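Taking it in order: structure first as structure tokens, then the write-up.
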Amino acid sequence: MESKLMRMEEAVELVKNGDSVTISGISIHRNPMAFIYALVKRGVKDLYFIDREPGFGLEVLLKYGLVRKLRIAMSTLEWFSSIPRHFRKMIEEREVEMLEDTCGAFIAGIRAGSFGIPFMPVKGIIGSDLVKMHEREGTWKVIEDPFSGEKIVLVKAINPDVAIIHVNKADEEGNAEILGPLYEDEYKAKASKKVIITAEEIVPRSYFYGRRPTINGEYVTAVVHALKGAEPTSMFPYYDADYEKIIEFLEHF
Amino acid sequence: MKSYSVDYVIKAISTLLEDGELVYIGLNSIPSLIASFMARDLYGKKIRIIGVAEASNPSRVLLSPSTGNPFFVEAAPVIITADAFDFAQKGKLDVMFLGPAQIDEETNVNLTMIGNDYYNPKVKLPGGAATAFILPLSKKAILWNLKHSKRSLVKKVDFITGTAKFSNNKVFVVTNLGVLAYNREDRKWHLEGIYPFSSYEKVVENTDFEVKRKDSERLIDLTNEDLRFINDMDPYNLRSALETL
Amino acid sequence: MESKLMRMEEAVELVKNGDSVTISGISIHRNPMAFIYALVKRGVKDLYFIDREPGFGLEVLLKYGLVRKLRIAMSTLEWFSSIPRHFRKMIEEREVEMLEDTCGAFIAGIRAGSFGIPFMPVKGIIGSDLVKMHEREGTWKVIEDPFSGEKIVLVKAINPDVAIIHVNKADEEGNAEILGPLYEDEYKAKASKKVIITAEEIVPRSYFYGRRPTINGEYVTAVVHALKGAEPTSMFPYYDADYEKIIEFLEHF
Amino acid sequence: MKSYSVDYVIKAISTLLEDGELVYIGLNSIPSLIASFMARDLYGKKIRIIGVAEASNPSRVLLSPSTGNPFFVEAAPVIITADAFDFAQKGKLDVMFLGPAQIDEETNVNLTMIGNDYYNPKVKLPGGAATAFILPLSKKAILWNLKHSKRSLVKKVDFITGTAKFSNNKVFVVTNLGVLAYNREDRKWHLEGIYPFSSYEKVVENTDFEVKRKDSERLIDLTNEDLRFINDMDPYNLRSALETL
């Protein structure tokens, strides 16, 4: 068996300046924070950050100047900070560019990327001003459904350079299990050119015998053991978000 | 018992939910979360609650700073957001809640930015999340806004994050002053409900577009049972941070 | 909690003459045989059978005259009967019509159906004579990818009237778990208008707490307890295919 | 040790597999199943084996009447077929095996029907399964046929189930008489390997299209170790049912 297990310091080297990256989780839940802090320490730049509903992990990346552009549907720290402060400030001051996405279209694009097809249709959206931005960017096109003649949005496949996914358990080949909510993490891993798994626990391959891992090892580039690797965001069922640390981060704006 | 204006919004939302509905709760959505559980567990409406927390109709939960709290699945199977949004594409998602900063007379909503240039916003908002996609697809869209004013209920939004204009669904606006329903026949907003401290006149005064009056609005008031339910679900008074009165 | 548990005799009433149906499993594995035998006993007709790689279950349906039309990529009993005999005979004698599919296109169509979108692109296929049959049928269209200009096949969404899925465990709401190979059973359930789960074992809802069922109860119409419900096809990990019964069936052509 | 002509086909297929390849095994595909495990476990080639049994690179398995035997996952994680075929769409599936009834000079293959009218077949074949989709997408397509004759290796197939004509991949035909490789420069089939009991002349005699000759074909022969491996994997001699010599 080929082992993909490596130290955090080696794994962060897989992310290059200018890469498009996507991360696991949403808001203040299951963000790959240990990896993000290691990446901040190493200091890459000009990242193109792609996600559906990020929060804390994105704020840290923005705060330390790693990000050039965003493609997300929303950023929020919810009760703590409805509009996260670095996010708001850097966009208003045009330090960071943003292509606003909408959840259904993000899901269509990341599914297309994960299936290896060039695009996927998505319903709704027509009438939104987002259509103009995406047509300009080349990421969406409005066509007539050739079967029904109705107008529909096509989303071009999203294939990030790197996905960083924090999971509950992984083996050395990269087979990984996520407990609780999954969000689009399976699609993110399947769609990305490199996949870095950070795991609370490393288990033997036999753990996955007879059943489908959330993410198959076939997709995975690197596996890093990262106990408490989501802190201060939550990690079901092991630990809740650390509200005090989140508040502390926000106070040191 | 102490009450907040958001409690009236919660009550108003819960009265809009009906038997048989599948409702989805997104991030940063405290009023709709409490309202949905209230409709199901206090008023016994046969609804199913799903959402960004990916819990399939969880047992009653405690409010925490995130309405996407993954611990909701401790006593529920997981149903992922992509599956929920596939229901929307099939016309099988009944209710979606959205909290826009601006809503206009045509059902356009804005959660993107304040200003007149997308690339140079005066105020950057959090982003529309599912709005553009789901506002026209959910059978009933409930838009909530806790700062009813001529700056939030506007003639024309600064940016159309999403719209129900090309849909035929039901659209409601629930604010700290009352409940508006969009009428697809006259393409106007009609006042549908008020609170003890609001009135048709007060709504009109604070709305930038025309609001039609029904013969009689519903009066939406809080009972002690309502307040007890809300306080039980929010023991730390997190919702007080949303307070605007 | 709403219980969808019912007896087999009630569940078979959900299938109507002329319905399009799809079933779980492939070849001689995890076919919903108990349901199929009950359906044969009841005797519906003119079914439109849609699947990727069926085998034994389809032979039984064909033998007893329940099927009018097929849309499948292949039918085989492998070592036992490379070209199943009822399948071959009824098509050659034009008693049954067949629209031949190809695996990737079936997967694209059933995914589109399960996502609620009107169509999905699929790579490959161009140059196959199957394109003509499907264009005539209105199930595929060849277009130019509006992003790249390259020719690509679009598959119209497949939404069967009924899916019958045999699973390892299910609760009364229809949340279901399949162990071992899954094939496209999740997609089949999500795409179909009615979903009938037959289960080796009925478990309490709490069995699914904290994790994603293979099929969520939200999709399910009926749940039937069917111990050994796949026999004589296999049911991982409980029982292997019953080779003797399969041979016996084939001998009574 | 007793050997069957299919054993030569198995050996020939196993020699076509190379380090680093991801190979997919479909239904009703005994020769490719044994050949792949032989390549990996006897010849130590660093390939990964997946397939319709949905097992991710399983430990060595025993042959049973179905090459989709789900019990292959007893000692392997599950990787579903849809995922495997997504690899094909991404250009990351290296090897696919297909067993067509007819193969023609342009790499067209037929698993659909014999006859000249799709709607009225003389002989209905099992159907192409993944053929139309995957023949042009897999980097290397290995077509196997155990009845090499002018009726199977034909000038023009009765029905094009699938084709590699518009692809740029590698295509091989492995039969009971030898191995042909399609050359994309001259668009001809070249004889690449023969068995002790076959020859260029015998291949030409039994092929309806032109077969080019290389300076020297590889001689593919069975060793005792090969036979022992094959017999160990097929203790019930199931493959003898495929015998055509």
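Order of writing sets the chain letters: A, B, C and D. Residues in each chain are counted from 1.
Basically, contacts are C-beta pairs under 8 Å (C-beta built on N, C-alpha and C of every residue); 3 or more make two chains touch, one makes a residue touch a chain.
Just so we're clear, the structure is a prediction, and the values are computed from it rather than from any experiment.
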Other chains in touch with both subunit B and subunit C: A
Chain pair showing more contacts of the two, A-D and C-D: C-D
Subunit A-subunit D separation of Cα centroids, rounded to whole Å: 40
Chain centre separation in whole Å, for subunit B relative to subunit A (CA means): 27
Rounded Å distance, subunit A centre to subunit C centre (Cα mean): 34
Where subunit C touches two or more other chains at once, by residue number: 111, 115-117, 122-123, 180, 182, 210-212, 236-237
Subunit B: positions in contact with at least two other chains: 73-74, 78, 80, 88-89
For the subunit C and subunit B complex, residues of the former touching the latter: 114-117, 175, 190, 205-206, 208-213, 216-218
Parts of subunit C lying in touch with subunit D, wherever the complex brings them together: 26-30, 53, 72-76, 78-80, 82-84, 87-88, 91-92, 94, 98, 100, 102-105, 107, 111, 122-130, 133, 180-184, 187, 234, 236-237, 240-241, 243
Touching residues (chain side subunit D, partner subunit C) in the complex: 27-28, 30, 52-55, 64-71, 73-74, 78, 80-82, 85, 88-89, 108, 111-112, 118-137, 159-163, 165-166, 238, 241
Contacting residues of subunit A [partner subunit C, same complex]: 108, 111, 115-123, 138, 141, 143, 145-148, 150, 152, 154, 156, 179-180, 182, 210-212, 236-237
Partner subunit C, residues of subunit B touching it in the complex: 22, 48, 50, 56, 73-80, 83, 86-92
